[in-house]
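My structure is below; once you've seen it, I'll send some questions.
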Amino acid sequence: MNEFIINTLSLGSLYALIALGLVFVYGILKLVNFAYGEYIMTAGYGLFLLGTYTPLPWWSVMLLSVALAALMSYLTELIAFRPVRTKSLTAMLVTSFAVSVLLQNAALLFISPRSRAVQLPAAFNQSVALLGVTTPLRNLLTIGTTVALLVGLTLLMKYTVLGIAMRAASDKFSTTRLMGVPANLVISVAFIISGLLAGVVSVFWVGRSASVDPLIGFTPLLIAFIATVIGGMRSLVGAVAGGYVYGLLFNVLSITLPASVINYRDAFMFLIVILFLLLRPEGLIRGSYTEERVG
Amino acid sequence: MLTVNDLHASYGAIKALHGVSLEVEEGELVALLGTNGAGKSTTLKSISGVLRPLAGTVRFLGDEITGRKPEAIVKKGLSLVPEGRDIFGSLTVAENLRLGAFSSYERNRYQEDLEEQFALFPILKERFNQPGGQLSGGEQQQLAIARALMSRPKLLMLDEPSLGLSPALVDQIFALIETLRDRGTTILLVEQNAERALEIADRAYVLKNGLIKFSGTPQQLESELDLASVYFGGEEGMGEVTV
Amino acid sequence: MSVLERILNGAPGRFTVVALAALLLVGAVLVNAFAPFVWVGIYTYFCVTLMLVLGLELFMGNSGILNWTYIGFVGIGAYSASILSTDPSLKHMGVPNMYPALVNLHLPVVPALLVGALVAAAVAAVIAWPLMRLSDAVGVITLFATLIVIHVLMTQWDNVTNGPRTFFGVQQFTTIWIATGAAILTLVGTHLFRESSLGLRLRASRDDRFAASAMGVSVVRVRYLTFILSSFVAGLGGGLWAHYITSFSPTSFYVGELFVLLTMLVVGGAGSISGAATGAIIITVLREGLRQVESYLNNSGVISFEVYGLTEVVMAMLLIAMLIWRPTGIVGGSEWRLPLRRKQAAAAPSPEPPAEPVLETEAAEEAK
């Protein structure tokens, strides 16, 4: 039982971070960013390239990779999303789809279609005993990092002007600009935070498989969708809650589904999502964000 | 101080302004009147940069600001209190006010300005840590004005501040606008409540179908055309008005 | 007034349809007579693709909603038609574990294709009703989730689809003539739809959802019917494609292929038949060209590693560039016109509203 709890907390934490990264941009731009998974991929290749070809110590490889994801997120905002921001929602969606395809295939073209092994410090996967459970240290690190990040982001959003401005912008974008808050600033910051979260996710995600490939971002993207749908697209708290609920749901389904249908788990998950959307489009937590678009 | 020349604006295919020109001098309180849909809010949005005008120019303090970003225009000292108050409902009163000071934040001045708003709007001090969405309509309007004042605007544009308020609150808001004017804030006031607006205005413009149909002092306006025709009348009377 | 003129001066877009149909037919004759054999295959493939883009445009271009599930319905049509048309004795080779009941189901190709399209339409009819009520983010995610569900079923249900493995042994039925004919029929069909009252109502609801509901257009109902129609075209196109390519797997009906169709639509110009057609032509040519480059690079030994993804990288960059600089697409939302008529149109105000860009917002004037 304790093992189940730790596994669920660890998985839920990872999923919460994944969901949070997607919602940060959605809250402000009302854009469901299909390229989000590719920021995770970017950090994954950062881990691979820096870890393999440079003598940097592992902690700086990790920090640089996370920064790389944030940079990539910012660059896509600057180059692709900013120019289409005033156009329709569908135009932005198609742009994010195109950015996703572009980054995936750039990795195929310039790195390799095959997956690459990523060296992470051995301690990462070492088992530790806690509450009578032996679990990889990675799981505890996931939980700890998530808690630290959530506390940090809460402080940022609650007590800094930038955070207040970001919350205001996800409520009423044009009015926020009338306060003198630059539109580009809040949007760029949202993308950078989204990228940072993707980078941190990547460290733990890659940590599980110890490899990276061009399609690595796809599953986290789906997870982000499911979690945000469960929790509600319109609030950051909802996204985090959705992540934990989904982590729980995932572990429960993995245990309870008979082996013959385990392959359909993803389909089940999405059926649940679809039902959820149909029955409760606003998610578990009804955010205060309006559907007003940035335009 | 503010010179608007031949401003055109549209929403997609719908043209809302067909060449609006107006001027506001330093220290004045100018009223912009007109029926529903005349284009008053569109004019203010075009001046403040929320809407990009199709043609025409806006000059403020000697610089052309046409089509600039709203955030840049606020920074120059031109603030808009939008129609329907538009306060941030999920943010506390304190946070709303803090954002108001976004473009001009200095620690000492901020405290000073805050005290000033509390003096003008005592209710905001009481509600300081409550979410804006929990305020009553009148309180929200006060918050919206206070929020705009936090940026120390040189020119304050108010879009129907009395909308939806009880008569007692309307009195209070108009008294407040006068106070602000007396303290030296230049004001461009959009109002449905023409009589009240004309009582305190130095000059007035009348907008109709996206065009300025009259400009002059309140006395001229009252003598030259029947006030009712501004609101309910058709074209008769309007054509004879000389500008 | 000659008959030709009368035809050409009909509803806007009629000229496009007549011209395109003629072009397709002439193209087929020329390719068949003079071009190398590979070109016949490319042309056949192009015609089926054109049909699929037109089907995508049918719903997306007219409603402005990004329809992720479309490619799933192409797959449903492909699998259904192939299962029905394949000879029972051959089915065990293609799908070793197939349900006995399915093995014995057999139809000639043409009815099989129609049934395939109907199955796609029927599935669409069942799942789409609740979907159409959602909008914005929730709608997008739901459509995407639905595509994932369809894909998981295709890759896991190996008693029907052979799972993630290749489905073999489909008859080669779709010739260049059949594909050309199908593309022309789809052209005419989508044109008639646009001018039908359903099509007009759908476009009204795209331009202003609220105004359309106020005028008594039931947005949900109109979208629902169009979605089914679009899925029917998807299913038919999928069936024809399967009977041209003869073996395929679920990856042919997933995000990557949707990206190609979507690029065609956006590059050409969502919102008109001319746009869909122009995009299909340009992207097909571009893709074939880039494939040649890729295979040259891989075979000539100029570079030491294998080139993958070059085509997609170029297409994605093109798509992003179009969205930034010309979101209405090359054609720009209006239909092709005769040069002569364009002059007239310039002189006299056109009775038709001009461009109806799907990817531009109503509030484009809002400053940024």
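To keep things simple, chains are lettered A, B and C as they appear, and every chain counts its residues starting from 1.
Just so it is clear, a residue touches a chain if its C-beta (ideal position, glycine included) is under 8 Å from a C-beta of that chain, and two chains touch if they have at least 3 such contacts.
Keep in mind that this is a model prediction, so the values were computed, not measured.
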item	value
Chain whose Cα centroid lies nearest the overall Cα centroid	A
Contact-richer chain pair (by C-beta pairs counted) among A-C and A-B	A-C
Mean-CA-position distance for subunit C and subunit B (Å)	51
Chain centre separation in whole Å, for subunit C relative to subunit A (CA means)	32
Subunit A and subunit B, separation of their C-alpha mean positions in angstrom	42
Numbers and ranges of subunit C residues touching at least 2 other chains	363-364, 366, 368
Shared-contact residues (touching 2 or more other chains) in subunit A	174, 183
Contacts with 2+ other chains: residues of subunit B	49-50, 69-70
Touch list for subunit B against partner subunit A, complex	48-50, 69-71, 74-75, 79-80, 82, 86, 88-91, 95, 98-100, 102-105, 133, 147, 151
Contacting residues of subunit C [partner subunit A, same complex]	64-66, 130, 134, 136-138, 140-142, 144-146, 148-149, 152-153, 156, 256, 259, 262-263, 266, 305-310, 312-313, 315-317, 319-320, 323-324, 327, 358-361, 363-364, 366, 368
Touching residues on subunit A, where the partner in the complex is subunit B	161, 164-165, 167-168, 171-172, 174-183, 288
Partner subunit C, residues of subunit A touching it in the complex	26, 30, 32, 80, 83-91, 93-95, 97-99, 101-102, 104-109, 112-113, 174, 183, 214, 222, 225-226, 228-229, 233, 263-264, 266-267, 270-271, 273-274, 277-278, 281, 291, 293, 295
